Structure formats: C-alpha cells, structure tokens
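Chains here go by letter, A, B, C and D, matching the order in which they are written, and residues are numbered from 1 within each.
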Amino acid sequence: MIRFYLLAMGVFLTLGLIPKSHRLMNALAAGNAFFHLALTCAALLTLELPVRYGPTLYLDHLNLYVELITAVGFCAAAFYAKGYTESLMEAGELDPKNLKLFYLAFNLLLVMATAALFSDNLALFWVFAELTTVCAAVLVAILSARENIDAALKYVFIVSGAMLFAFLGLIFLFTLSAQVLGEGTLSWTELMENASGFSPALLLTSFAFAFIGFGAKAGVAPFHTWLPDAYARAPSVSAILSGLMQNLGIYGILRMYALLRVSEAASQASFILIAAGLFSIALAAFSMFQQRNLKRLIAFSSVEHMGLLLVGIGVGTSLALFWALFYMLVHVLVKEALLFAAGILHRQYRSNMREDMRDVFKLQPRAAWTLILGSVAIVGMPPFPLFPAKFFILLESAEISSYLTLAVLLLLILAAASFANFLLKAFSRVTAEGDGSEGGHGKETGYRKKSLQDPYVVRAGMRIPTVFMLALALLLGLWFPEPLRALLEAIVLELGYV
Amino acid sequence: MLEALAYGAVFALVSGTVLPLLYRSKNARQASFGLSLISSVLLLGFAGTVLYTGKEPSFPAFGFLPGLDFTLAADRLTAGFVLLIAAVLPGVSIYSLEYTEHAKSEARKALQAALTSLFVLAMLLVVLAGNMVGFLIFWEIMSLSSLLLVLHDYSSEENKKAGFFYFVMTNISTTFLFLGFISLYRLTGSAEFGPLEYPAGALTLPFLCLFIGFGVKAGLVPFHKWLPYAHPAAPSNISALMSGVMLKVAIYGFLRFLLAAASPELWWGVLILIAGSLSALFGVIYALKESDIKRLLAYSSIENIGIIFIGIGLYVIFRVEGLETLALMSLAGACFHAFNHALFKSLLFLCAGSVVHATGTRNIEAFGGLVKTMPATSALFLIGSVSIAALPPANGFAGELLLYQAFFQASALSANPLLTVFMVIALSSFALTGALAAALFVKLFGITCLALPRSEESRLAEEVEKPMLFGPAVPAVLCILTGIFSKQILSLAGWDIEFPDLLLLGLLLAFIYAALFLAVRAKTEIPDRISETWGCGFPALTPSTEYSSAGFSEPLVMIFKSIYRTRIVHRPEYFDGQESLFKNGHVEIRLLRFFEEYLYIPPALAIDSLSKRVAKLQNGKLDSYVLYAFLAVLTLIIATGVLV
Amino acid sequence: MNTSFLLFALLNPAFALLAAPLYMALIRKVKAYAQGRKGPKLFQVYYDLRKLMHKEAVYSPTSSWVMRLTPCLNLTALLACSLFVPLIFVPEPAGGFGNVIVFLYLLALERFFTALSGLDAGSAFGGMGSSRSMSLAAVIEPTMVVAFAALAFVLKSLNLHEMFALTAGSLLPASPTLVLVSISLFIILIVETGRLPVDNPATHLELTMINEAMILEQTGKNLALLELAHAIKQLLLMGVLINTILPIGLSAEADAGKIAVSALLFLLKAGVLAVVIGLFESALAKMRLFRLPAFYMMAFFFSALTILIEVFA
Amino acid sequence: MIEPLFLEGVIKILFVFVLISAALIISTRSLASVLTTYTVQSFLLAAVSFLLYLMEGKSELLLLAGLTLASKVLLIPHFIKRIEEKIKISRDLNFTYLEPTTSLLLSIGLILLSYAFLSRVFEAFALSKLFFFGAVIGLSLTLMGMLVMFSRRKVITKALGYLSMENGVLMFGIFVTELPFILEILIIIDLIILVLLTSILAVGLDSSIEEYRKKIRRLQVWNGGEAL
C-alpha cells in the first residue's frame, strides 16, 4: 500500500514540476499539505483504528496523531512560504531558479515523513526517516550560501551518522525477533505482540542504538548540534520543516520505548531516556542563557523541550505519556509561531542578532508581541497549554525522584530567564525621537540607519499563520477538546500503557 | 446569589481587561477602571457575606483539563483575602483614572489599563481558585501581568534590570510552588487543597517548598531583593497593588497550606518566626538608609511581611503547643496585619506616586515642604505614616497589638523554657522593628513633606488632580476606620479575642483633644504670630542647613554599623592587557549589599560563566559536533554495557 | 464600664495633671542642692506654666499645621495614658484601658509627633533632636517592651490595672524578681524622660540636647502644653515603677478614705523617687550618644534575666 | 563445496584486511588513496559476503555481494572520483582532535570496547565464534568510520568516513542476522542519495570559496558577531 501511496505522490510531484508561476507552485504545496491534513482527519474520524492495509501500511492513533501535527505544521508553513520566499528572492538571497527545487523538497519532505510514519516496518521507517533528512537538508541548503550548505552538511552528517547506529539497533531487534518467532520481523505490531518474550539485555541494546539515531533526528543532546546551526542559518521555513521532523525522532523513540516497557529492561531504558532528557534540558538551558541570536535561542529551546519530552516518556506512566503527546502538538504550534515571527524580524533587520534589533514595537509590533506571547507560551506559562502539560509531566516525574523534578524546574527557570533576557535586551532598544544620529548603540553594530525607518511590509500570508498558530495554542490552553482527549487516550492505550 | 456576586466581579474585571485593548480611547480606560470599582463593590458584598455568615458558596466545576476540573471555592480565609482585594481596589482604581493618563503613548496607556485589570483579576482568581492547578495558573498570570507592568518603561536600563530580576525571582517562586504542590499532589492524589491529615514528616518537603515559594513572592529575607528593584520601576498604582495585594496573595497561599496541615511541627513555627523576624528587622534597617522613596516603601513592605510571618510563626508554635486561644490570636493578628498593610501601603504608594509625579524625582533628599505645596497629599501621607508606624488608634497598631498580646502571653509556654527564651528574643526584635519603623516614617514624612523644599522641583510642585487625591483618600479613611473599629471587625469576622476597644480609646482621644483645644483657645488672649524664629545664628534658614534624610538616619546607621557595612570598590582601567599602564580609575565607597553580593551574585556569576563555557561547545565546527556524537555513542555503549 | 473605673477616669488624670509638675521641680531642686545651689521654688514650675499659657505662640513661617497640632495632641495622648497607670487607686479594669501595649504605643504617638514637629520648622536643631530622639527610642524600645513583658509575665496579666491589683496593698514586691524589672524600669524612666546620662534637660547645647532640641521652636502656650505632657509622662512612668517595687498603700477599692491615703502615700513615694532621680542625675555625667546603646543593653539584660529566672526556676 | 574451516580461515584473514583498510582511511593523507582504500574495503566486504554464501549457501548473500560490488566498488567510488577532480583538491592534510597515530591507538581501543560490549550483550545469540567476531568487526568499523568523520577536515573525507561506517553496519548486518534483501537495497539507495547530496554540497563548500565570499557580502548575511 505504501508503494501505491508513493507512486501516487510521485506522479503528483512530477506534475508539480510543470508550473512556472510561484503562486501555482505555492498553491500546490499548500494543497499537498491540506490534502494530507484532510486525509489524516478523515482517517481519524472514519476509520476503525488501528487499520492495516497490505503488509506495510499501518494506521493507528499514534502515527495519525503525529501526521496530524506534521500536516498542520506544513499547512502553516506553506502559507508562510510564499511571502517569505518572495522576500528572499527580492533581496536576491534566493535564486529564483532554485524555487522549483524548494517546493519539490517541500512536498517530498511531507511525503517522506508520511511514508515513514505509516509504514509498519521499522526498517522502512528508518529509510524514510533518512530520506526526510535528505529533503530537509536540501531545504536548508536552498539559499546555496556557504553558511547554509555548511548547516545542511552538519544536518546530514550528524543525523545520518547517528541513524546508522539506529540501524544497528534494528539489526539487533531483527535477530531477537528471529530468535523468538523463528523468522525475523521488523513490524511494529508483531514486535509489540512478542516483545515480552525478548531477551531484556539485547532489547535494551537495540533500544540504546535506536535511541542514538532517533535521538539525533529529534535533536536530543548531544546529537542536537545540527539544530541550532540549521535554525540560525536556514531560511525560517526550512527551519520550521526540519523542526517538524524532530517529531519523527520522538515517534521512533516512543515506539521503541513501548516495546521495552513490557520487558524487564524498562527501568534501564527509562534511565537512559531521563538521563538524556535531563542532559538535553541542562545543555540547552545553559546554551540559551547568553544567546544573542534569536533563532539559535529558539533552536536550543527546541532541544530543551525534546529533553522534557524524553523525561515525560521516560517516566513511563500513562498520565505522563498523555501529556507528553499533548506537549508534542503544542510545542509545534508555539515553535512555529515563534519561528514565523523570528522570520519576520529577520526580514526586517536582515539579522537574527539582538544587537541589530531596535524600535521593534514601532517597526514590527505584531511580530514583537507574537514573540513575547510565544516566549511566554514556550517557557510554559499559562494560559498557554504547555503549562498543564509541564505540570503533569513533572508531577509524574516526581515519582522517580523529587530531585529530578527540582533539577528540571531549576533548569527551566534558566531557560525562561534566557528568553526574558533576550527579549528585554532586543526589544528595549529605542531610537530617541528626533535625533537620527549615531546615538547610543547605533555605532557599535554598524547597523545602517536607512532601512530602519521603513518597516518591512509583512504579507498577509506570513502574518496569518503566525497569529493562527499562536491563537490555536492559546485556544488549547483555555479549552481542551474532547476529541483530542479521546485520541490521546487511545494512543496511550495502544502503546500498551494501562 | 453569592456566586453571582463573584461571577459579576470576575466578569467586570474581564471586560475591564478587554475593553481598553479593543478601543484605544480615554473613555475605554475610564470604563475599565470603573468596572474595577464595580467589581470591588461586588467583592465587598461577596466577601462580607461569606465572612459574616460563614456560608460557603458553591461554584459549579468546569471541565477544564482531562482529569482536572476548574473550580472556584471560598471559605472564610478566602473571603478575608477577597475582602482585602476589595478594600484596596477602589482607591487604586480611582487613582489610576488620572495616573494612567500620564503614560507616554496611547498604546501604553491602553496596555497599562488592561494589564491592571488583568492583574487584579489574576490575584482575585488565585485567591478563589479551588485547586492547586488553578491556583498555579492564575499565580503565573498574576506574575506575568505584573511583570509587564513593571516593564512599562522598558527602555530604561534600570527598569530592564528590575524586570529581569523580578522575572527570575518570580520564576524561582513558581518553581518551588510547583514542587511543593506536586509533592502534595503525590501525597493526596488530588489537586484539591483538602485537609492534610498526614504525619508532619510526610509534609516536610511540601512545607519547605511552599515556604520558599511563597516566601520569595512575599519578599521574605533572604529572598526579598526583587522588591526594592521592582517597585521603583513599576508605576505607582501598580506598586500599590503589588505591595498591597500581591504579597498578601502569597501569604494567603501559605496560610492555606498551613491551615490544612493537620499536624505541623514545632520547627516549622520556629523557622517561620525566625524568617519573619529577620525580614522585619532587615527590611526596616535597610529602609532607614534608603533615599529613594519607592524603594524605601518596598523595604518597608519587606518589614511588614516579616511582621505577618511573625504572626504566622507564632500561630504554628502555639498550635503545636496546644494553646488554641493564643494561636487564634496570632493568626488573627497576622491576617489583620496583612489586611491593614494592604490598606496603608497602598495609600503610601499612591501618595508616593503623586509626589513623584509632582516633583519628577524619587529622591527623598530632593523633597521637602510638600505640606505647603501639596497639602492634601501630605495629609493623606501623614495618615499612612501614622498607620504604618503603628500608632493608636490607626489600623497598623491594631494588628501589631494582637501580636504583642500573643507574645506577652507566651508565658503559657513555660513547659518549654528554651522556647520561651526564643520568644523573648523574637519579642525584642519585634519591638525594635516597631520602633525603627516609627523612626523611619518620621524621617520619611518629615523630610518629604515638612520644612523647606530641598530642590526647585519640590518648590514648584503642584497638588495633583482630583482622582489622584480621592484615590488615596479611600484607603486613608479605611485605615482610620479599621483601626478604630478593630474590635468590632474582629468579632464580626468571628474571632472572639480579648482585645482593647480602640473605638473607646479613639473617642476618648478625640474628646480630650477637642476639650484641650477649646480650653486653650478660650484662654488665648494674644493671637498667634508668625515670625522668624531663632535659626541658631544663621542669618536665614536655607534648605542646605536642614537635616537631610541621610543625616536623620545617621545615628541609627552608627548604632547598626555592623549591618551597614561599606565596601570600597576599585575599578581601574588599563591601557594594556597586562594591566601595567594605568589609564583611568574609579573608586567608590558604597553600602555592602550583603544579600546581593553573597547570595544572589555568586550563583548568577557561576551560571553565567558556565553558560559561556557551554555556549562554546556549539562552535560551528562539524568536527566538534561529530566528536560529541562519537563520545555520546561511546558513553551510551558503555552505559548500556553496564546497565544490562 | 463600672463606677470604680469612672471614678478613676475622673480622679487619676486630674491627679496626674496636678501633681506632675511638682516632681519636675523637685528633681531640679535636688540637683540644685547637690550642686550647692538653692534652686528655684517648688511651685516655680506651676508659675512658669501659667506664664507660658498666657503668652502668644510664635510660629516660624516655615512651619505647618503639624507644629500647631502637636502640643494638644501630645497632652491628649498623655492624659489618655494617665488612664492606664493607677496612681491613686486601682480600678476594676474596663474597656481595655490599662492594656500595657496600648500604653506603650500612646507614648510612641507622643514621641512620633514631637519628632515631626521638630522637623517641621526646618531648623538644624529640630532635625537633630528628632533624629536622635527617634534613634534612641528605637534602641530602648526592645528593653521597654521586654521589661513590660517581664512585668506581665510575673504578674500574669496584660493589663496594668490587673497587674497592680495583684500587688496592691502589699508591702513588698509580689515577686523578688520584680526588683530586677524595677532596675530596667528605672533606666527606662531615665531615658524616656530625657535625663542624665542620656539627655540633659537643663541645657541648650548642641552636644547634649535631644528632647529640648525638638521643642526648641515651640513657644508660649504650646510650650506649656508640651512641658506639661512631659511632666505627666515622667509621673506615669514613676507610677509604674513605684507600683511595681513599693506597692504599699495602693488601694484596690474605690473608697474615699483609702483613695486619700493612697494618693498621699503616692505623693510621698514619688517624692522619694524624685530625690533618687535627682541624686542619680547629679552623680552621673552625660554619656556619649553612641555609648548609650550599651547602657540600654543593661536594662535589657535585667528584663531578660527576669524572664529567664521566672522560666527556669 | 569448499571446506568451511578453510573458508572461515579466509574470512578471518579478510577481517584483518578490513580493519587495516579502516586504519588506512583514518590515516592516509592523499584523497585518492583514501578513496582507493574505501573501494578495497567495499570489495573485501563483497568478498566476505561471497565467502559466506559459499559457506551457508544463502542466495541473499550472493545478491548482497553483487550489489555491494556494483554500488560500492564501482558506482560510488567513481562518482566521488569525479567530484574530487572537480574540486581540485587532492590532499586532506589536516586533522582535528586526533593525529593519525592517536587515532590508530584509539581504534584498537574501539575494537576492544566493541568486543567487551558485544560479549556482554550478544555473545549468547551469535551463531558461532566467527559470526560473533564479524559483529565485533562490524561495530568497530562503524565506530572507526565515525572517528574519520570528526578527525578529518575535508567534507569528501568525511563522506568517505560515513561510507566506511555504513560498511561497518553492513558487515554487522551480515554476521548478526540475515535482513530481508529488499532492505539492503533500500539502504544502498539511501546511501547513494546521501552521497550524491553531500558531494554536491561539498562542491559548494570545498571548491570556489572566493565566489561564495562575494555572494555572501552582497547579501549582507555575513555577520561579524556570529561565531562561525
């Protein structure tokens, strides 16, 4: 079945190469994203899950949920992409010849991610995940400036290198299943059914190796290093898309952990996850503290959140898992809003550095407030929904140890302080009215006065998704939809948590 | 009916938040503050009824999060603190009608008005929240909205620092609340604030966490440093709310926990009492040396929070020792003082706001003579000063009187001699605090309002507009009324405590004063004369010969010189990196900021340098990144090998 | 409110008002004798007050209503205070009068406004006086509170009337420890009334002045009111000390004869105490301002010791 | 049928050669020789696979040998060779973190680690001593490939390091279990795409640096403040 899907999408993409106008290309990308979104929603609403089509295509709540998140992210990104790429082209940063490649990679990335999510086979998942890396790397390198290429290479080398270890893990798993079942398999479902019979030692080993690969994909420290560079160097859209791929890694880890949860190695796996999570949070928090680059700041915050997710998964209770899943969704919403706003500021100032930002409230008030509210959301303050998610994950983590909770909380203070520090310093620079001279900070940054005066005109296509994502996040914070709850509970049940 | 009052108040505040954001006009802002006024009336009705009848309203639960409903709840404790909000709110609202209009731009005016309503709303809902998660949510919104208000003038360097500091401290507070609530949740299995019938040992962790968490927010020494930074930065009406209400919300949270704990331990009380005494003492001692009017008031808030915590500490000690009457008296004292402090501190902050507005400076040394240029504000200021200096029959005295009574009767603790000795020490520090506070407010009022103006700004100061007078007049009247009717109020609130009738005393004082005044007047044969008095040989009295604020506190500074340690700071600059060619130098003698330099800055510096080191890891080189990955892989392999 | 208290409320303030200046004069007289002078007549104080009452009040143009408010307010506070300390007989307590904390804080009220009026005229002397007075008051406050707490502790009540009802009539202090408290009370008396070695009421020198500096700007009737208030304060504190250490003859009943005896006896005892104070003052030199805290510490020590002994023994 | 013991002996000899090739990749300075070494290594792998086929007679192994030969011995080296010609760099002289000698010593450590680790978790599952040893070689080859990735400067060398890692994975796969053949194909395709991508990017990065500088200046994205 996956083959059919790939075939169909292949045809679609080939067709997508025909149009010449940007509008049409963008519409196709948006259409593609909407198509996936609609399909996912339809599947969630109509199908009796889990469903299996053919030997490889497998739909259950978890992969549909992750697909839903991905598709939502892609939809918003597709909207945003038009204005953003146009502005890139106007500035001469993006070669119009590369536009086609951009949209090709854009669409392909979604297709690959979908294929990875819905394949029942771990190895297929692995392969498609690798291919998403390739597509995302192309997107990162699209400006073909040295920095972008550098960032793309880092992405490829680190993630793919780590993914090779994940493959080692898969080989172990295959051996295990061969030993128990007589014939090897890498199907999630079959593995889940038989995991209890597997040798805990080898299962743990395979988990550890798989964790290296999926962790790198998810941006878990110390495999996170590609992330800040990709975020800071790549255009915002690409950053968003590679950020979306982090969920793929988390998805893999979730599945692997679910396998282990029934075996005796569960506690060791938890230990690995929590240690890695804590390490990620700590590293990210400390890296954020003196961060002067907005996108790097956001990138490290992603690392931090991945760390928190790992803690949530590693705690291993159904409540923690429930909220960790919810966390994934909200994190994507808020992170996108932040990156969108950061992209707008980048267009305004042609820089991500906080020294270069001044008069933000005058030039880009909407983006500024989006960033402020987004930061409030991302540091886990109410009324945004990361707050209850954080609360319940930490609540469950206290079962492991109160010190763990305390450590996480203290590190989260640091992360929050970093955002506050950045925003305070970036947004408080005001040019005194009247004198346009080099008063105060103007001189040291060498920032030219001319472009300061005229605000960058934000296209509606860029503004709407920014506000929409934040508004959606806020809505989720105020009202928890019943279907979402049912969905998350179904996932928790499916993963074998009682 | 009761519920409708609460909902009405919440609704009014919500619309007060939304309105100025939707319509950027003066009318919208006025309407917003008008709505605050309305909500305060509704709350008054609500809290009064609950307090008087003891009837607890029942609010329906809203399905909010999976497995967690959102409810409001109110018992007498809640009602007491709702009453506090309702008492402070009218004055602040009226004051803000005019004060907010002084903000720099339309956008900021609108934002200030909206955030003020939001801030009040959040505080109200923290108090009314029926479970811990709701409490935390509104707690965070409260912190956030106040943070944005503190940052209203975000471009000034000082305010930025203040805002950042406030943000970090408030986060630390929330962190410990988180941990405290989480450990309670784990213990009880629910988010409710139910009775905690556990042995005290099980409650140690929650107690410590909540003590620190609420202590930070309330401004307890040594977590107090954010107050003197945040208050000067915040607009004065917000300072009034923050100091008057927000700190009390922290007290409320702490009391909620303590009252729920079925068996507190003695060391809890001792710890609280020690922290309270230290706060009170250090707060007032630092305030004496301060010359920034709002910072001085902030330190004074620390002192008063200390006094409230002394009351709470006494409550716990007496409760553990089984002295119910005394425990009740201490608790009543703490609550009553919290209420009173809300009134007089908001009064003082509002007056300070007027003074700062009229003179354009916060420096006390630049004031003087305001009693002539701003007579009404000065009169209100005097009422505030008298109240906070705990002079009878104003309300500040009533609260402290309860605590003194409890202290004096600590003889009943004779079973535990060491504890009694401890109480004596605490009592003397409490007394010292009270007297120092009186000295402090003699200084503040005397230097600010009396004698000759010490600066041109002060000489030219003009009385502020009407709303800025009527605003503080509300708490001023309440200060006197709650003082005089303290006995009646306490009995209305259901506390049956042996307490002198200040109404009688007040009437007596008024009577004697009137009689004396009339008698003297009748005897006066020669009318009063206004003339130069002997100026110690100086030809004319000039501001420079007047006693200054620093001069006034000098004797106390000498007496407490072990606390006011100074530090000499050298800041040399060199031409070269080897520091051999001296270029420029800066030497400064300043007060040793003990808590800052030994408690706050070292960890901050450590984090800073650590973060710099960590940031270097992300050096942009692929080689390093692969190396990290490689090392991580090796670690994981070894770890797995060990774990298996 | 009972008749006993009503009677007390009429008699006690009147007694205080009338008798207070006498002891100011007496102490002055004793000091004069000690210095080999004759000193003014005992009733000179009354004449002075009367003279002042008839004089006009002169205000500095700098001063404000605070200065005009203070004199009456101070006397009001002290007259109210006189309801708290039984001088001639101990009434049945009523309406919270006699509460020791209220008593202390009424004294604080008086101090607060005196200090403010000192600052009001803007002269350097007034500011200096206020500053010193408030500072020293702050330092003596713990001693005062602990001393009174010790009193309350030993006599098992918060109410001065109840306390002295316990001691009334006995020859000796109710408990030997009260002797220790008395030493503190004596020091408090010295400090609060601004006597040597703390303050020198007789001079107008910058080095020595505290209380006098604050009221330097006050004239005429206002000065008279303040002087009177000061005298009453001294008498009341003397009353507390006397009732503590030598309660003999103090009547606990509102009986005319007994009250008379009690009043006479009090006049006598107070006279003795005034002589002691005068001699004490004569024997000591003015202390440096910053050595005073050590002096106060002694009083604190005695009071704290009282409580310790009561607790441990 | 050839004597299995003899085959085992040959395979063991090949193991040694594989390790030597890995060591050469770590330490050789000339890009051309690194590429040759990689080709040889891949060939050795194909040979091992073929010998195993002779031993066990599973047709997948034969196919695998063929596939390896086609892709890794012919296609990829050819491609990289062209890239190398294009970027006109023939040497990769610089090492970061580790000099060749240290790297070699560390490699021995890695082999020991792999052995110790696998003996703890895997030995019981291996079919025979030979298979266990093959897995050890596979894992250490992977780790050594990673070592190349961070100790060599040029992107092309790094790519070869990655390829050598992949060889390790393949070897591991051969000896630990038999994967479905389709997977092997997919992985190789993935590998080829990755190599293509990185090489193209490497061209951008390693070659005409000056041109990029110009471009960057024009775009004003060069920011002095940012750590590169």
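Just so we're on the same page, a residue touches a chain if its C-beta (ideal position, glycine included) is under 8 Å from a C-beta of that chain, and two chains touch if they have at least 3 such contacts.
This one's a predicted model, so the numbers in the text were calculated from it and none came from an experiment.
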Distance-to-centre winner among chains (Cα means, whole assembly as reference): B
Farthest-lying chain, centroid of Cα atoms versus that of chain A: C
Rounded Å distance, chain B centre to chain D centre (Cα mean): 66
Geometric centre distance via CA averages, chain C-chain B, whole Å: 36
Geometric centre distance via CA averages, chain C-chain A, whole Å: 78
Centre distance in Å when chain A and chain B are each reduced to the mean of their C-alpha atoms: 42
Chain D: positions in contact with at least two other chains: 120-121, 146, 149, 158, 228
Junction residues of chain A, two or more chains touched: 150, 153, 157, 161, 165, 201, 204-205
Chain B: positions in contact with at least two other chains: 618, 620, 622, 624-626, 629, 633, 637, 640, 644
All touching chain pairs, where touch follows the definition stated at the start: A-B, A-D, B-C, B-D
Parts of chain B lying in touch with chain D, wherever the complex brings them together: 618-627, 629-630, 633-634, 637-638, 640-641, 644
Residues of chain A touching chain B in the complex: 150, 153-154, 157-158, 161-162, 165, 200-201, 204-205, 208, 211-212, 216, 222-223, 225-226, 228-229, 265, 268, 271-272, 283, 286-291, 296, 319, 322, 361, 376, 381-383, 387-388, 391, 394-395, 398-399, 402, 405-406, 409-410, 412-414, 416-417, 420-421, 424-425, 427-430, 480, 485, 488-489
Footprint of chain D on chain A - complex, ascending: 91-93, 123-124, 127, 130-131, 134, 137-138, 141, 144-147, 149-150, 152-153, 156-157, 160-161, 164-165, 167-168, 171-172, 174-176, 178-179, 184, 199, 201-202, 204-205, 232, 292-293, 350-351, 353, 355, 445
Residues of chain D defined as touching chain A within the complex: 120-122, 125, 139, 142, 146, 149, 155, 158, 162, 165-166, 168-169, 172-173, 176-180, 183, 186-187, 190, 193-194, 197-198, 201-202, 204-205, 209, 212-213, 215-216, 218-221, 223, 225-226, 228
Residue ranges of chain D in contact with chain B within the complex: 96-97, 113, 116-117, 120-121, 143, 146-147, 149-151, 153, 158, 227-228
